[in-house]
Amino acid sequence: MKLSTIRFGVIGAGRIGKIHAANLANRINDTEVIVLSDIAEAECNRVAEQLNIPNTTANYEEVLQHPDVDAIAVCSSTNTHFDIIMKAADAGKHIFCEKPIDLSIDKIKQIETKVDKTGITFMVGFNRRFDADFAKIRELVTSGSVGDPHVLKITSRDPAPPPEDYIRSSGGLFLDMTIHDFDMARFLIDSEVMEVYAQGRVLVDPVFEKAGDIDTAVILLNYENGSLAVIDNSRQAVYGYDQRVEVFGSKGMVTVANNTPDTHVHIDSEGTHSALPLNFFMDRYVDSYLTEMKAFVDCMKKKAEPPVTIRDGFMSVVIGIAANTSMKEHRPIRLEEII
Amino acid sequence: MKLSTIRFGVIGAGRIGKIHAANLANRINDTEVIVLSDIAEAECNRVAEQLNIPNTTANYEEVLQHPDVDAIAVCSSTNTHFDIIMKAADAGKHIFCEKPIDLSIDKIKQIETKVDKTGITFMVGFNRRFDADFAKIRELVTSGSVGDPHVLKITSRDPAPPPEDYIRSSGGLFLDMTIHDFDMARFLIDSEVMEVYAQGRVLVDPVFEKAGDIDTAVILLNYENGSLAVIDNSRQAVYGYDQRVEVFGSKGMVTVANNTPDTHVHIDSEGTHSALPLNFFMDRYVDSYLTEMKAFVDCMKKKAEPPVTIRDGFMSVVIGIAANTSMKEHRPIRLEEII
Amino acid sequence: MKLSTIRFGVIGAGRIGKIHAANLANRINDTEVIVLSDIAEAECNRVAEQLNIPNTTANYEEVLQHPDVDAIAVCSSTNTHFDIIMKAADAGKHIFCEKPIDLSIDKIKQIETKVDKTGITFMVGFNRRFDADFAKIRELVTSGSVGDPHVLKITSRDPAPPPEDYIRSSGGLFLDMTIHDFDMARFLIDSEVMEVYAQGRVLVDPVFEKAGDIDTAVILLNYENGSLAVIDNSRQAVYGYDQRVEVFGSKGMVTVANNTPDTHVHIDSEGTHSALPLNFFMDRYVDSYLTEMKAFVDCMKKKAEPPVTIRDGFMSVVIGIAANTSMKEHRPIRLEEII
Amino acid sequence: MKLSTIRFGVIGAGRIGKIHAANLANRINDTEVIVLSDIAEAECNRVAEQLNIPNTTANYEEVLQHPDVDAIAVCSSTNTHFDIIMKAADAGKHIFCEKPIDLSIDKIKQIETKVDKTGITFMVGFNRRFDADFAKIRELVTSGSVGDPHVLKITSRDPAPPPEDYIRSSGGLFLDMTIHDFDMARFLIDSEVMEVYAQGRVLVDPVFEKAGDIDTAVILLNYENGSLAVIDNSRQAVYGYDQRVEVFGSKGMVTVANNTPDTHVHIDSEGTHSALPLNFFMDRYVDSYLTEMKAFVDCMKKKAEPPVTIRDGFMSVVIGIAANTSMKEHRPIRLEEII
């Protein structure tokens, strides 16, 4: 171990926990994972062995109390975030937290106060900000290449619905899935969202209705600067993960397309054929997770403000709650009604 | 003149009148234009000479009373449509009428009654239905290639705002420009629109505000079958005429791209460069206007129902009025509130 | 008829004759076709009736002697070109001649002498020079946008082999089909071809071997300025007409893609699908034939040098003959060995 | 260290040596690099420190004699390959060798004999076989999706010429650069190359002429099964690394495009703009190097025949020598004249 190495504890060894643990263990210079925690002990041990992580525990408190742990990555279920974060901040650990921070506006505010007091580095996991395509969009928007932005369009569709269990505890489409798009909407346009109008449908699978959720949505956002944004979501795009963005403005437009595993074009007597989009986030965003975590590490080293702040995590939840209210009351909702 | 030739009178020698007159005079077998009418006499004569149209008049009544005229193309300003149509129907002339039929729901209903009674062929000029790209979208949707449609997205942006005079008499963005998109929304999804939510902005030019109009809009439509549609409009896309459609459904997605004057791709040390979209509707939709008029001629010959009916013309106006109301009242409007 | 109208006689009412006759009759201002000639009388009459051409004849001499004919379009089989041209030039008719002028170098030289003496306007029908895509390539090359051109690549594949009769009288792949590409090679690079190396194969259909011809070829051209060109040909691309060009140079590259009937992209669970290329030259080059003929008409009116000269027609045949020799002798052939 | 870990010595710490060392050290499970060798000691130490490689040496013999080394990666200059390979084989080390194995046909034959006798695993570094795009082309060709292949086209252009020193010792364009394309030509078409015709030029930089080399080339290959291939090369594409392939056959065509850092399309009033290709092989082929090395590791573990054999390394050199002869003698050269 080099002197400058940052030692991580990773809490949660599920899908997203594995991604962060692997990046921290193998793909980032000067970080290592010294302890992995999950209540599913067998899986936790299996992942730790594969990644040469020396310690495991079913009790995340041990991670927080471990004297060698400099920082933690919170990858457990959302309902555990608040307690972990509050205790970790008290223990002086830097915190990388997966989205959403919490589903309660009050609790996020408490976290904000706590983090401010302890002075730890806290970053929220909105990985799409670190994707090369979306970063390029922002670069072009920020540099004025599209002029004043007028209309932002985000298409975000999952390849297939999650399991029923997941749906029931997800917090609903807007807070589980669209939350990424709400963050994109704030990342790509340099103005704050002011009002939300949301329409939801169950068109994919009745299981969503049973769970009190929706699987299809269109959401319209108004910004303070007069720009408009439209987001469309589906829990099922049979052709794969559909992740596209377009910004239209006074000087032009910029779009990004889906990423594909290869660039082949095959033409036969029936038509012109090419590859499907990459299937899901583990493929599509593999590089963004790495870039994101490197950014967190850099911030800790430089004691700099993270590129995704608690405020960002807070606002995405506020917009999500406003979207839920809008759908329920069938009218546009101003964020000031919520906050 | 062959026996089967259909003799047209064209009323209106402006931008769109010229397109139809030229197609009827030169590019369609078995039609000819025997009289052209416009209050701007000099221009009317100039166009007639160029197209070898033998007669001109400043008084459209002469067209309607001309015994050799079988059919008329109504290309004059919207506020003249009602009188022309009512009199032409009485004179037994078949009628091709540019959109919108009229801005008043009542008057369109009167036209419907009149046309029903006289038995003439009446077709509305929603040319985009005859565009190869949009026709292909409909073909794929109708054939089930995208499964049940869930979300339709229409982007429709003009290259530059019309003159201030035009703006003041246009009927407003929704009834002048979006009306095409409302028709597309009904053409591409096999279900009736039920509710409209519209947001408008003046982001391009304050002249729109002075005229009580908007230049930028996002409109959300709900269909009876549960599908959703989003339309976004701008009066100014500096890169040209932006006309795109996407239909997403249970079995996949279909999109069409803008048309370009050529397919060149030029790569230099600065980047990869290709052509802009065709600049405006005269270029983009040149073939659709021809196909549209051929369809009208076919219907007259075969005494068949036209592919764009008065009902279609009516509904597009209803949706436009609902959009205006929604914008004004800042709430979703059900069509049944309007009709 | 207006004073400035140019009256054409069209010789040959086959596939290409029909295209030119229709353009001259209906789509070009200030031209008309007053006589159509073909040895297949019935077909000739049928075409004439459809296009409202008042006179027909089975004897092309009548066209040449018709006092009202200003110009002729030579669309008959190649072996008739020489006699027609020599007599038409004597009769003072302007001549548009389909490619190739003749298969004999000597005869083309005689034609050149004759045309020079009579001062008529003579243009060769290399329509691809007037295609929007290839014209754009030339524009970018000429303007220096790719710098000094280093390598030109032309792909030219027909959708399906012609009938056996056609093959036997075609003059062979290089003089019937590649001749267009040889002309493109001279059109796109501002230097003269110096040497040819050609390889041919029968990979599509043994009927070509029986006819002493080939169906697949790769040809390498050297230019005087050091540039290189590669042409690849096939008589059968099952996906349609494949017509692409790439120019690579010191400052970049420019390519053009195949044209398609629409821009749709359909994505389902199997893959991403789009349209096939336009099937053959009647679709792909419909606009280029019109632009070409307009250019000829302009040259006659302005007494200007045509954009495709006898010299151009001559050189394409010379390169074709060199390609045949190269293939036979299995070695590179310098054009100076041929001329 | 796990029992199954394969311990590597890497010889050569230059550009390509670093790539392989980093993959073996960090990105492949069950391999480690225990010694790195380079005559440039400082650089060797720097790389070793960065990758946590415990031992370094300026003398590659120490690598070959190291008792713990299971396998070596030969990344030194071509003129050292023969000695290293012969000694390593005697020492029983498995060998991954960068292309070309050697520039002498005789020496490669000696290596073949030696490797056969010792039974070690020997693989040549033609990384492009492991690129997702080219692997997809091969998959589609092998599966019959394009039918019988008729014409293969390979475009391979470097972004910028190498330093003069490199040029002088490179073995010339055909054996240094085109050798990858010769291997692709053998990888993508299931038939052996029979004849070569090559044309070379100095169009980029006179430094190539001074070094007796060329910077631009077009090469035509004949296969035993009648297929044809065309390769075009340049030492300088100002827009980046240009790596494209097209296979045309009786049932269709397949192409791959250049890879780009992102998919953005920016349209402004000037045109439509998108990203340049990835700049060079370190970016373009980063994944292929990893996949390649994993394949070598798999072969060692399973004692399977490597996917790139000595025979493959041998044939690419033979074709390169034939290309040199063809260019010099200005005639097609059959491989049997060389072997």
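As written, the chain order gives the labels A, B, C and D, with residue 1 at the start of each chain.
Throughout what follows, contacts are C-beta pairs under 8 Å (C-beta built on N, C-alpha and C of every residue); 3 or more make two chains touch, one makes a residue touch a chain.
Quick caveat: nothing in here was measured; it's all calculated off a predicted structure.
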Intersection of the contact lists for chain A and chain D: B, C
Taking contacts as defined above, which has more of them, B-D or C-D? C-D
Which whole number of Å gives the spacing of the CA centres of chain B and chain D? 58
Please work out the Cα centroid separation of chain B and chain C, and write it as a whole number of Å. 40
Averaged-CA centre spacing for the pair chain D and chain C, given as whole angstrom: 43
Of all the residues in chain D, which ones touch at least 2 other chains? 238-239, 251-253, 267-269, 275
In the complex formed with chain C, which residues of chain D make contact? 147-148, 150-151, 153, 155, 157, 197, 199, 201, 203-204, 216, 218, 220, 222, 226-228, 230, 232, 234, 236-239, 242, 248, 250-253, 330-332
Which part of chain A faces chain C closely enough to touch in the complex? 238-239, 267-269, 271-277
Once bound in the complex, which stretches of chain D touch chain A? 26-27, 132-133, 135-137, 140, 145-146, 251-259, 261-269, 275
